[in-house]
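Before we start, here is the structure in question, set down as structure tokens.
Going in written order, the chains are labelled A, B and C, and every chain counts its residues from 1.
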Amino acid sequence: MLTDLFSPSVQHWLDIVGIFVFAISGALLGVRKNFDVFGMAVLAEVTALGGGLFRDLVIGAVPPAAFSDLGYFVTPLIATLIVFFLHPEVERITSAVNVFDAAGLGLFCVTGTVKAYAHGLGLTQSATLGLATAVGGGVLRDVLAHEVPSLLRWDRDLYAVPAMAGATTAALMLKFGALHGATNAIPVVVGCGLRLLAMRFHWRAPRAWHRRSAAAEEVAPGVGPNVTPRKATRR
Amino acid sequence: MLTDLFSPSVQHWLDIVGIFVFAISGALLGVRKNFDVFGMAVLAEVTALGGGLFRDLVIGAVPPAAFSDLGYFVTPLIATLIVFFLHPEVERITSAVNVFDAAGLGLFCVTGTVKAYAHGLGLTQSATLGLATAVGGGVLRDVLAHEVPSLLRWDRDLYAVPAMAGATTAALMLKFGALHGATNAIPVVVGCGLRLLAMRFHWRAPRAWHRRSAAAEEVAPGVGPNVTPRKATRR
Amino acid sequence: MLTDLFSPSVQHWLDIVGIFVFAISGALLGVRKNFDVFGMAVLAEVTALGGGLFRDLVIGAVPPAAFSDLGYFVTPLIATLIVFFLHPEVERITSAVNVFDAAGLGLFCVTGTVKAYAHGLGLTQSATLGLATAVGGGVLRDVLAHEVPSLLRWDRDLYAVPAMAGATTAALMLKFGALHGATNAIPVVVGCGLRLLAMRFHWRAPRAWHRRSAAAEEVAPGVGPNVTPRKATRR
């Protein structure tokens, strides 16, 4: 199957799967936040399509895929209905959903990189947009749900790094013209595999050095007028 | 008046009214959040123009109307000044403001749908953008003000549904070429009327089924690495 | 140096300096929020490039400068590394960083205004985009970090006003064709200087009149269905 990863039909179905799983995580957060069914649908749509929407706006591909492909738009609504009626059951298969989520992560970071590169962006920027495509939806979901984006939190298993690795691999393969046919699967497997390992072994990223030092604790004014002092963040 | 709803002059004045009322709600939230006058102005601008700005970016209509029509930009500033000096009086006429807000909701969901359709989007996507045009500003306002977007909250009278109904009606009428002249008023009245009824009878949307079930309560890890466990949302 | 403020080479280096300082404030907030190194990098990128990204999306300059110039993208990563290893030292030179931040503010509000005007926007809209260019990154940073945007807070020294003054000065000089060569420095100095004065003398902006009045305190329902009642904001 992965042999012709980017053949229109297969690609489309892979996208739908990724969108569906991302939408599930959005709808489930809606349940936890005690939102109504429409709030769940909004979170599902944003989680599933937000990353690609941002990518398309940046590369000037308007209307974005999210608004030109009906399947992309309807899928999150189906996910919302499933969660609405069956969320206890869905919660129970969390681990399965996480595996699919990792697959979606690996897929989207690669498709995002390839699409950005096809629109003439540099390799580094393409990889960055690939990363944004994969993780952007989750960040938007957390912001709308009034949560600290877990992408930024140190107490979460690595999520950005696997996407970064997948996108970088894809960019490098593009640079050397090695991304075609069967090889398309490689960066996807890299991103998806690293994410699965990060979940399995609870890999974390380091926080700033000496952050427990006095200097860090007793900072009063903050740097930059817009930065709230540390205390204020301790609600 | 509504006969030539979309004649340039009338349309423009209706837009100004809708923008003004949305801006009032933004500025009032600024007062409640204890922001200074500039914070109030930012919230007013974002609430009034955010939805249309998002729509224009998605359909590629740049510069967006918000940045090409001076009246659209100045109106929220006037609303800010009024709230700045008279907000106790403005609070007192809440119900009146809410009626105008419903009118703005009905109007924007239709104009958003029509403009998106005119830019070649499908009917479903056009209706979705119409919905986003009507409610997007309020969501941005709440996110900037560090509130849970009330659009997503179950304990609020229906807001998205009336806009959805108005946008869908407009899209269906577009499909059957029935949206012209006097009929332009129909979807606006649908959206505005449903919103007024929702406020009058406190219509709410349902939350996920069985959400009180044990399974839902004792969920620990959360689905998707980025989803914060339920407890964490109980601050 | 400022004589040819907008000569490609000089301009580029001034941009880099501004981006670097804004990135420092983003990374430092990441440290205070206890984010990991990748969260710090995300905040640094968003703070440094967010304002310009918004401006470029609005004027339709895609791909935005943030994604076409590698230097713009790499600089925040360098700032992140510095803060990661040396943040106690960086905290210690807060005041120095704030001076550079003021310089970046003055520079970006002018470059933003000029670029928007060059893309055919009106003078008022150009000045507004200039303001958004200068302060947008900080707002995005606070939203992602789950903080109340300090731009909106009354208990912060003026930040938007100096940028507004600089952008307005630039717009007026554009109107009268007086913005060229040496004069380019004037609006930058206006914005930067006012900001330095605001920090020195702790200038604040006024909040709504009578806001302590009973009417304001005991407001229950809120105006607009999406506005959370005052109490709710008192967490």
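Just so we're on the same page, a contact is a pair of C-beta atoms (placed from the backbone, for glycine too) under 8 Å apart; a residue touches a chain by one contact, two chains touch by 3 or more.
Heads up on the chains, UniProt names are A, B, C = Trimeric intracellular cation channel family protein.
Since this is a predicted model, take the numbers as computed values, not measurements.
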Q. Same or different: do the copies chain A and chain B touch each other through matching residue numbers, with over half of them shared?
A. different
(Q) Give me the C-alpha superposition rotation for chain A onto chain C, in degrees, nearest 5. (A) 120
(Q) Just the number, please: Cα centre separation of chain A and chain B in whole Å. (A) 27
Q.
I need the residues of chain C touching at least two other chains; which ones are they?
A. 57, 60, 139, 143, 146-149, 151, 235
Q.
So in the complex, the part of chain A that touches chain B is made up of which residues?
A. 22, 24-25, 28-40, 42-43, 53, 57, 60, 62-64, 67-68, 70, 73-74, 83-85, 87-92, 94, 97-98, 101, 138, 141-151, 156-157, 159, 199, 235
(Q) Could you list, by residue number, the parts of chain B that touch chain A in their complex? (A) 57-60, 119-122, 124-125, 128-129, 139, 143, 146-149, 151-154, 160-161, 204-211, 213, 215-216, 219, 221-230, 232-233, 235
